[in-house]
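In what follows, subunit A forms one complex with subunit B and a second complex with subunit C.
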Partner chain A sequence: MAKTLFEKIWNSHVVVDEGNGRSLLYVDRHLVHEVTSPQAFDGLRMNKRKVRRRDLTFATMDHNVPTTNRSLPIVDQTSATQVKALERNCKEFGIELFGIDSPDQGIVHVIGPELGITLPGTTIVCGDSHTSTHGAFGALAFGIGTSDVEHVLATQCIWIEKPKTFEIRVEGKRKNPHSVTAKDIILSIIKKIGTAGGTGTTFEYRGEAISELSMEQRMTICNMSIEGGARAGLIAPDEKTFDYLRGRRYVPDNYEKLVEYWRENLMTDSNARFDKSFALHVDDIAPQVSWGTNPAMTVDVTGRVPFPDEYAHGNPEEEKAAAKALQYMGLKPGTLVTEIELNRIFIGSCTNSRLEDLIEASKVVKGRKVSPKVRAMIVPGSQHVKKEAEKLGLDAVFKDAGFEWRESGCSMCLGMNPDILAAGERCASTSNRNFEGRQGAGGRTHLVSPVMAAAAAIAGHFVDVREMDLN
Partner chain B sequence: MEPFTKIRSVATPLDKVNVDTDQIVPKQFLKLVQKTGFGQYLFFDWRYERDGTPRKDFVLNDSRYKGSKILLTRNNFGCGSSREHAAWALLDFGFRVVISTSFADIFYNNCFKNGILPVKVEEQVLQKLFETKSEIEIDLEKQTIKTDDLNVSFSIEPHWKKILIEGLDDIAVTLKYDDRIAKYETDHRNSNPRVL
Partner chain C sequence: MKGAVIKYERDNIDTDVILPGPYLKIHDYNELAKHAMEGIDKDFHKKVKPGDFIVAGRNFGCGSSREHAPIALSYSGIKAVLAISFARIFYRNAVDGAFLLPIEIEEDTYKDISEGDQLELETSKNEIRNLTKNKTYKMKPFPELIGKIVAAGGLFNYKQ
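Coming up: the complex of A and B.
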């Protein structure tokens, strides 16, 4: 019978099938970070359990780490405690750790692919909802809670209800790939299907516009699957995928043999059926700007901040939520998006902190100055991204323009480290969540692409990057 | 885990859609390395003014719902971050049941792992529960929701029901399949191509 890519990966990982839709799946790669793991390791200790497959478990610290001078001790004592706890736990349980001083340190979803830990056709879990990122390589990858982190550490398996399949087709070829980005594609999808649109499903992104994307752009798309409610999002691997991973450190020795197998097997069969489908055309996608307090509250940069009833389409609960969001965001309905003024710019996060993101943003910034009303920050996704960017001289481009150039980490995406918004500050952010208080209590987040954030840094308000020459 | 039996209590009505886990526990409280003590941070930014005084207009500060074990809320509760701290905070505060029309997938799992019962109901039932003046009784064994003027059943995956009622340790259950896991590993290590 014809199968989807999801079904093929699922079937090849079932250890126990209970027959009621729920299965025990084998986990090929388990990524661990400092925030969602301490209680899991405690659980192992309490029950005298070991880590079953240390060789398939990798740890880094990203959520809490300062992005300023790393030679100084961490000032926040509770952050320091968590970082130390991870060091201690990795040592005690024998897990490889890319620690704060490692040249491989970075956001877990940036370093997984970068080091070749992420592989097509595998199952990957991590105590972080943006684990969906790794789906860009055709891996079934999803976020789990701390109890499941403990469960995977102890058993290398996870119990999971089989999700339904949801095809997301993006048709056409982008006419302006430098200004209409992967971020705009995924925000447009979430805007249409809603933040619960994918609940209980795994997305598979397909279509010409998806095939055409680079690996880093595909990661941006899959990263935000969770913002559409899906735990995982997949893109079938192709030559770009295989080329990206070839030669990376943790790729197995029999890589070319694996590639042959992946090439033959890791795709949705032509007559396979999805449980749900949604399609859009790239010609209908403009640069996006979120105006509210969830990622579906997004409009075209050429648009206006909507009235609550306009957004809610007759749903009274959503209308109430939109009114509340406008109040929180300090925005008046009808305001042109390009008239929204900003105080802060954040380019970073597991969504948009990779080399290509920085290269694209630098083209906007080069030879220009950050608006005097704005404080702007670049936080590369990993130490490798930082080093590569510096080799290209991007740090100088950004610093000359007035950006701060930081060390790698999650930083202001969630503000667990000192990088936060003050109450009332308004930020154009390349991160993934514009929830109330996400970047700091009372802070106002607008989700955008790296080029849109860079352009807003220069202008001091949102601008349509399509009007700039980015080639 | 404390076994789940029957819960009867007044319900706390949180009349909001798409409540994300960043609201349930804001990130500044994720730095603790234990599972307890998160109740004081539950809905922190909605519950307190900046200066720390309780906000009178927030339901958790309403004395009518003091001691409530049931949280009523709208669609897509628990979306966003995978932080299990959200479930720990609800439990630590005293909630054992959350009722909504839908839950985000990761949060839904996290509830069961901590002895919280997330109950999915139809929109009309949820509306009636929001309007009821009486206490609500949740019987997991019988899978029923009762108030003075309502008696409906709810569905739940049999596995989760068993875990909750018996207060089972999930990992101990899985470890019974140890031979199957080991066999999977051997088969796959020997198969070509392999990634294990």
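Coming up: the complex of A and C.
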């Protein structure tokens, strides 16, 4: 019978199917970070359990770490405690750790692919909802909570209910790939299907516009699957995927043999059926700016902040939500998006902090100055990204323009380290969530692409990057 | 199971408002509880009583995979969240750790229940009794497996 890519990966990982909706699935790679793991390790200790597959478990610290000078101790004591706990746990349980001083340290979803830990056709879990990022490589990857982290550490398996399949087709070829980015594609999808549109499903992104994306752009798309309600999002691997991973440190020795197998097997069969489908055309996608407090509350940069009734299309609950969001965001309906003024710019996070994101943003910034009204920062996704960017001289481009150039980590995406917004501050952010208080209590987040954030840093307000020459 | 309702008339109550990011550093569950719902309701910790229920709209618990969210609610005394729908990771975390019951309700039920109403839940009958309004609603049937996991006190205990 014809199968989807998801079904092929699922079937090859089922250990037990209890027939009651849940199956026991084998986990090929388990990524661990400092925030969602301490209680899991406590649980192992309490029950005298070991980590079953230390060789398939990798840890890093990203959420808490300061992005300023790493030679100084961590000032925040609770952060320091959490970071030290991971060090101790990794040592005690024999897990490889890319620690705060490691040249491999970085956001877990940036370093997984970078080090070749992420592989096509595998199952990957991590105590982090943006684990969906790894789906860009044709891996079934999803976030789990701490009880499940403990379960995977102990058994290398996870009990999970089989999701439905949801095809997302993006047709056409982008006419302006430097200004209409992967971020704009995924925000447009979420705007259309809603934040719960994918609940209980795994996305598979398909179509010409997806195939033409680079690996880093594909990661941006899959990263935000969870913002559309799906725990995982897949893109079938192709030559770009195989080329990206070839030669990376943790890929297996029989890599070329694996590539042959992946090439023949890891795709959705031509007559396979999805449970749900949605399609859009890239010609209908403009640079996006979120105006509200969830990632579906987004408009074209050429648009206006909507009136609640206009946003709600007759749904009273949505209308109330929009009114609340506008109040929190301090925005008047009808305001042109390009008239929204910013105080802060954040280019970073597991969505948009890779080398290509920084290269694209630097094209906007080069030879220009950050608006005096704005404080702007760049937080590379990993130490490798940082080093590569510095080799290209991007740090100088950004610093000359007035950006702060930081060490790698999650930083202002979720406000766990000192990089936060003050109440009322308005930020153009390349991260993934514009929830209330996400970047700091009372902070106001507008989700955008790296080039849109960079252009806003220069102008002090949003601008349509399609009007700039980025080629 | 009997308790009073704390109602939030909104959809998409995300994990960042249930437990804001800065508190993810806290290891002690009772300390976490002090910051539950702080993102939208600074008084939650003062008003919540053991056994209370939260009633909310669609897609409750969307966002991050932080188990700290159901833990903070659980250690605040919340026994169940009644919502029109749940985000999957939150639902799963609530059940696997046996922290609280995520109960799906119809939109009419959501609208009918008010802040402060006394409810009595009988999951074996899929019934919610509103003692204040003297009404009975149906909850969406609770999958058998979910009930067993919660009754066993979480995933590990269920599998042993």
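In this section, the second predicted complex is superposed on the first by the 471 of 471 C-alpha atoms of A that agree within 3 Å, B and C clash if a C-alpha of one lies under 4 Å from a C-alpha of the other, contacts with A are read in each partner's own complex, and residues count from 1 in each chain.
The working rule: contacts are C-beta pairs under 8 Å (C-beta built on N, C-alpha and C of every residue); 3 or more make two chains touch, one makes a residue touch a chain.
This is a predicted model, so every value here is computed, not measured.
Superposition model on subunit A: subunit B and subunit C are shown in a clashing arrangement. When the shared chain is aligned, subunit B and subunit C each come close enough to touch A:415. By the document's definition of touching, neither partner reaches A:462: not subunit B, not subunit C. Judged by the touch definition given at the top, the superposed model places A:93 against neither subunit B nor subunit C.
In the superposed model, more residues of subunit A are touched by B than by the other of subunit B and subunit C. When the shared chain is aligned, no partner comes close enough to touch A:403: not subunit B, not subunit C.
Look at A:159: by the touch rule set out above, it reaches both subunit B and subunit C. Contact with subunit B, but none with subunit C, is seen for A:119 once the two complexes are overlaid on the shared chain. Using the contact criterion defined above for the overlaid structures, shared-chain residue A:196 touches subunit B and also reaches subunit C. Within the superposed three-chain model, A:291 lies out of touch with both subunit B and subunit C [touch as defined at top].
Subunit A residues in contact with subunit B (one complex) as well as with subunit C (other complex) are 20, 22, 35-36, 38-39, 43, 47, 63-64, 76, 78-79, 81-82, 85, 127-129, 143-148, 150-151, 159, 195-196, 199-200, 226, 229, 231, 294, 317-318, 320-321, 414-416, 433, 435-438, 441.
Touching subunit A in their complex are the following residues of subunit B: 15-18, 20, 22-23, 26-28, 30-35, 45, 50, 74-76, 79-84, 87, 102-107, 109-110, 113-114, 157-159, 169-171, 174-175, 177, 180-181, 184-185, 188, 192-196.
The touching residues of subunit A, counted against subunit B in their complex, run 15-16, 18, 20, 22, 24, 26, 28, 35-36, 38-39, 42-43, 47, 49, 52, 56, 63-64, 76, 78-79, 81-82, 85, 119, 121-122, 127-129, 142-148, 150-151, 154-157, 159, 161, 163, 195-196, 199-200, 226, 229, 231, 252, 254, 257-258, 260-261, 294, 317-318, 320-321, 414-416, 423, 433, 435-438, 441-442. Residues 9-12, 14, 16-17, 20-22, 24-27, 39-40, 57-59, 62-68, 70, 85, 87-89, 92-93, 96-97, 143-145, 154-156, 159 of subunit C touch subunit A in their complex.
Those residues of subunit A whose C-beta lies close enough to touch subunit C in the complex are 20-22, 35-36, 38-39, 43, 47, 63-64, 76, 78-79, 81-82, 85, 127-129, 131, 143-148, 150-151, 159, 195-196, 199-200, 226, 229, 231, 294, 317-318, 320-321, 324, 414-416, 420, 433, 435-438, 441.
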